[in-house]
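Presented below are the structures under discussion, each in the form of structure tokens.
Both complexes below contain chain A, partnered by chain B and then by chain C.
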Partner chain A sequence: MVEVTDVVCSLCGCVCDDITVEVEDNKVTKVKRGACSVGKSKLMGHNRIKSPAIRVNGELKDCSYDEAIKKAAEILAASRRPLLYGWSSTVCEADKVGVELAEELGAVIDNTASVCHGPSVLAIQDVGLPSCTLGEVKNRADVIIYWGANPAEAHANHMKRYSYVSKGFWTEEGKKAKKLVVVDVRATKTTKMADVFLQIEQGKDYLVLSALRAILYGHADVVPDEVGGVSKKDLLETAEMMKGAKFGATFFGMGVTHTGARQNNIVNAIQMTRAAHTHTKFTITPMRGHYNVAGINQVCTWETGFPFAVDLTRGYAWYNPGELSATDLLIRQECDAALVIASDPGAHFPGESIKHLAKVPVIQIDPFPNPTTEFADVVFPAAVSGVEAEGNVYRMDNIPIRLRKLIDSEYPEDEEILKRILDEVRAIKEKESN
Partner chain B sequence: MAEVLIKNGVVYDPLNGVKGEKKDICIRDGKVVAEVKNPKVIDAEGRVVMPGGVDIHSHIAGGKVNSGRLFRPEDGRKGLEAKTKVCRMQSGYSVPNTFAIGYRYAKMGYTFVMEAAMPPLAARHTHEEMVDTPILDNAALPLLDNNWMTMEYVNGGDIDLLAAYVAWIMKATKGFGVKIVNPGGTEMWGWGKNCSLNDTVPTFNVTPAEIIKGLGEANEKLEMPHSIHVHTNMLGHPGNFEITKETYDLVKGVNTVKDRQVMHTTHTQFHSYGGTNWGDFESKADEIAGYINQNDHATIDIGSVILGDTTTMTADGPMEYNLYQITGRKWTNHDVELETGSGITPFLYSGKSPVNTIQWAIGVELALLVEDPWKIALTTDHPNAGPFIGYPILISMLMSKKRRDESSADMHKVIYDKALLPSIDREYSLYEIAIITRGMTAKALGLHEHGKGHLGVGADGDVAIYDMSPEETDAGKIQKAFLNTKYTIKGGQIVVKDGEVVATPDGKTYFVTPECDDKLTDEMMVKLKDKFDRYYSVTLNNYPVQDAYVPNPYEIKTQMRG
Partner chain C sequence: MGTKVNLISGRTTVQGRNLDSKLSEEYFDEVARCDLNKADMEKLGVAADESVKVKTSYGEVIVKAKEDAGTPEGIAFIPMGPWANAVVSGDTHGAGMPVYKGIDAEIEKSGDKILHVKELMQTYMS
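Take a look at the complex of A and B:
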């Protein structure tokens, strides 16, 4: 048995990196400290795709990697409008090959941001993002706001490692000396911990943000007695708390990116942060979901110039979310083949998109079976990044951390599978041009 | 490997004193040699030949560059070019994608670029992008001035321990030299504040002046190839020239065993301002140049303005906030725990604006008023004062008074009262251009000892052949020649021919590994470990940049002086 320290969790955007595990006989046998329960179960391993497979007459039939590579490359090379989707639960090294494959194919490359924090990216492109690393929050923040986010359940270590419950240089007393504000449409495990819980009506985030902004800019007089289900008194108190902060940190989640005014909610949240910044230091950070969704946005941006929804048909990058995101492409029934990696559109896309996706040939690369596997035509099992493979990922605050390899895998890494598909696609194109 | 012979070129190789001589250049196995036997011959036909360009300060890779790209799709769309058989796709103007950065620099004859600011905690990011930047050799300067470790050692006067920390950071980040950006001010920006040179930073009880001096001393103890590289306090504030001069004085007495400056101050245009507000704002380039002329311990790069839209970005968080307050455009900020910060905002330099006009003049004035070109480097602080693609414009202005007069006539008339440019007659020679774009920069970085910036035997086979005769005086033609080389040769391989990229080899990453006494390191590690245990959000073991991030390493070892 060996004990491995400083293990990095490859599950959520917290990317906890202080985990200790025990490894015996090429297995993670115990997670000793550091991980939350879902992180633990990822590290311990679970149900895997066993073999590469190709669908024949409606049934997935096991095959060799060579056969699957060949089939996948044929599908992609023959496609007129391929879509390469996913990328946020794998490492940057794989993402880079993904962009290169998209370039070679003239494909649309999109990542899961388009169905989670895509609206946040649009908002950032509109107004920017005054933010900071999570360690800044830990060391300085005395007022913490979670808006449309439920970290106690979705990012279990977030408060303990980085925010409300953590202890840092100017925050030695921990939560005793901090204030927690939670804004949500319903009571959650997180709202129970809050000093202030603003329970707002569904879809009214924009209004409540506007009211707080107005108060912070000194225009409390224009705010009515009640806004989006919150009393003016509570809003005034919250604004006072924000103004009184030495360092304020707002975190926002999917509850606000995908309801009501969507990206305009986020623009407004950022503007509220700027308003607070006229009184004291205030920052704002999106609660990114998958462990490397920030990373695919980074890679896609430095390689293509744009973070998601990028069309490479013309040989250069054309960026137009709303037209070129995966779901848009599928709803318009434009895409005629798809490669899905490390994600599950079968479970997360709107029905109409899934309907079209199920009709076209789909190549899946994933360690784990999921609803997308049900209709995938070529399936590649891959090594689990962070357990069986190393590589770079970006935490939700864009801090790059290297995942560790703990045990050997019988499966190849995502990067290797993609490289082999790319080589095969090039070989096919070479043959065709001769 | 194949041999290359460049014949009939007129060679400008300042580090070897070659001033426009007809001279053959021989390359074998990527290095300059005395003679070759069976070479591929490139006939330069009387064109201008220089060593590959060395950029001393440019923001080309890392978190804030990419945040700039991400939040400016409108800039990305300006530079779109489809992939070719050789090149990958390109995008962007002031914030080009990594591929475009490599190709465009190579087309201008550059083969080495220094990334000017690497937040240590995010060093992996900088390296990931540098690896993805084709052709160019590269290196990066880790930020070391707002670090709590630095401030605590400066406060205690422990320069040896500070040196041990600097050495550790160099190794942990695979960094090249000590970068200082608004010392103290960026830490105070953690609370939304800023400070000037002699203010005390609360909690840490040090002044920016003490930080600069301490790091200057530590840097020389480690015998680093480069001096400290300083973005002084109060960037962009009217009247800041006094602070800039005072900053130079801080390290006047610092000794070095190296044959170079002990301080390089960067984008000095932004630090040469007179006046008390934007109304009476004026150029003090003469004051700064006067200081540099009278002293030998400091060098500068100009950070000259290129008119038009750009994306400003710096670790100087409060400065970017001020700029955003002026323009009201979008603003991104990213403070980095225990170390540094950054801010980004778009900016338009307009010839119609009196302030921008004076700024535009100052950078060029500095280059013209500093008498010794070995003390000055050509930069735009890409992309802060403008994108690097504007270098050929600057070269043509330095070489042509006529060009400057014509351009000045298009600017706000304030240029005739509050700037000095119209009164300066000096014109740069090609030899002087070669100094400020390769000879001086390589020497100031200490890279001339590692084959950069010259064409002596043993140097890297990095050569630029510009499509112009040495007698050319037409500014337009000069500009065109410096934008797209006839040939760029990198390590003996032709990478650009007739202005087109024809090969894209990987660049090398240069980094410095200073060694110091184990006892000193052990003592320093006690303090550092405590920082990680209690304050950092990553662990000590996950912090250092792994070898995987630097696939083409060039290591420079140094030893701390006792």
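Take a look at the complex of A and C:
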């Protein structure tokens, strides 16, 4: 048995890097310290896709990697409007090859941001983001706001490592010397911990943010007695708490990105942070979901100039979320083939868009069988990044962290599978041009 | 005639723990469910774990009801996943983001069977 310390978790955007595990006979046998229950589950492993497979007469039939590579490349090379989607539960090295494949094919490349924090990306492009690292939050922040987020369930170590419950350089007393504000529609495990719980009416985030902005700018007189289900008294108390912070940190989740005004909610949340700057230091950070969704946004931006929903059919990059995001492309029944990697649109896309995805040839690269596998036509099992493969990822605050390899895998890494598909696509194209 | 609710979806710990094992029974038990306030449960005449049909303009799905004191009256919460997504809207309003929260829905008591993941996916292939 070997004890491995400083293991990095490849589940959520917290990318916890202080985990200790035990490894024996090329298996992770125990997660000793550091991981939350969700991260622990990831590190301990699940049932795997056992073999590459190609769908024949409705059934997936096992085949060799060579056969699957050939079939995948044929599908993509023959496609007039391929969609390459996912990229958030793999490493940046694989994402880079993905963008190269999209360029070679003239494909649309999109990632899971388009169904989680895509609106946040749009808002940040619009008005910027007064943010900071999670380390700064840990060491400085004494007022924490979670807006439309339930970290106690979705990012279970976030409060412990970085915010409300953590102890840092200037926050050595921990939560005793901090205030926690939680804004949500439902009472959750997170709201139970809050000093102030603003229970808002569903979809009224924009109004409540506007009211807080007005109060922070000194215009409490224009705020009515109740806004979006929240009393003016509670809003005034929250604003006072924000004003009194030495260092405030707001984190927002899909409660605001999935709802009503979408990116305009986020613009308003960022502007509320700016309003707080008239009194004190305040920052705002999106609670990114997948461990490397921030990373594919980085890689896609380095390579194409844009973070998601990028069309490379013109020979140059064209960016237009709402037109080129995966859901829109599928609902318009526009793509005629798709490669899905490190994500699961079968589980996480609206049924309306899955209907088209299920009709076109789908290539799936994933360690685990999931709803997408049910209609995938070519399936590649891959090594689990962060357990069986190393590589770089970006935490939710855009800090790059290198995932560690703990055990050997019988499966190839995502990067290798993508490179082989790319080589085969190039070979087909060269043959066609001769 | 069912009860009109505002449908939202979102993460839970058990849903997260099964992100890589969505074909498991634990995932099915956690995600194919709908949290409702006690008052809405009484209005519907359903007890915990009884099936309800959730209908929207975009589809319908059978899930089991669960009473949750944290869910306000008039709100229905289905953990994010295939069952919630069977009834959410794919209209992205020009932003790329579907409507996963804030969907008008009608809920009624149902004797129908809750489809497993594989069966639910089959409905997209016909």
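Throughout what follows, the second predicted complex is superposed on the first by the 434 of 434 C-alpha atoms of A that agree within 3 Å, B and C clash if a C-alpha of one lies under 4 Å from a C-alpha of the other, contacts with A are read in each partner's own complex, and residues count from 1 in each chain.
Here is the rule we go by: a contact is a pair of C-beta atoms (placed from the backbone, for glycine too) under 8 Å apart; a residue touches a chain by one contact, two chains touch by 3 or more.
The structure presented is a predicted model; accordingly, all values stated were derived computationally and were not measured.
Enquirer: In the superposed model built on chain A, check whether chain B and chain C fit or clash.
Expert: Pair status: fit.
Enquirer: Could you look at A:G315 and tell me whether it touches chain B, chain C, both or neither (first, second, both, neither)?
Expert: The first partner, chain B, only.
Enquirer: Determine, under the contact definition given at the top, whether A:K160 touches first (chain B), second (chain C), both, or neither.
Expert: Once the two structures are laid over each other on A, A:K160 reaches no partner at all.
Enquirer: Check the residue A:R140 against both partner chains and state whether it touches chain B (first), chain C (second), both, or neither.
Expert: Only chain B is touched by A:R140; chain C is not.
Enquirer: Which partner chains sit in contact with A:Q298 here, chain B, chain C, both or neither? Use first/second/both/neither.
Expert: first
Enquirer: Considering only touches as defined above, state whether A:F349 meets chain B (first), chain C (second), both or neither.
Expert: Only chain C is touched by A:F349; chain B is not.
Enquirer: How many degrees, to the nearest 10, separate the directions from chain A's C-alpha centre towards those of chain B and chain C?
Expert: 160
Enquirer: On the A-aligned overlay, A:P307 touches which partner chain: chain B = first, chain C = second, or both, or neither?
Expert: first
Enquirer: Once you lay one complex on the other using chain A, what is the shortest C-alpha distance from chain B to chain C, in Å?
Expert: Least C-alpha distance: 15 Å.
Enquirer: Residue overlap on chain A between the chain B contact set and the chain C contact set?
Expert: None.
Enquirer: Quick check: in the complex, which residue numbers of chain C touch chain A?
Expert: Per the stated touch rule, the residues are 6, 8-13, 16-24, 35, 58-59, 68-72, 75, 77, 80-82, 85-102, 117-118, 120-122, 124-125.
Enquirer: Along chain A, where are the residues that touch chain B in the complex?
Expert: The touching residues are 5-6, 8, 17-18, 92, 96, 100, 103, 121, 124-136, 138-140, 161-162, 167-169, 246-247, 274, 277, 280-281, 283, 297-299, 301-307, 312, 314-319, 390, 392, 394, 398-402.
Enquirer: Which residues of chain B touch chain A in their complex?
Expert: My answer: residues 61, 63, 65-67, 69-73, 76-77, 79-83, 88-92, 96-99, 121-122, 124-125, 128-129, 132, 190-192, 324, 330-338, 341, 344-345, 534-539, 541-542, 546, 548-549.
Enquirer: Please output the residues of chain A touching chain C within their complex, sorted ascending.
Expert: Result: residues 11-12, 37-38, 41-42, 46-47, 110, 114-115, 118-119, 122, 150, 153-154, 156, 185-188, 191, 199, 202-203, 254-255, 257-260, 262-263, 308-309, 321-328, 330-331, 344, 346-355, 357-358, 367-371, 374-375 of chain A touch chain C.
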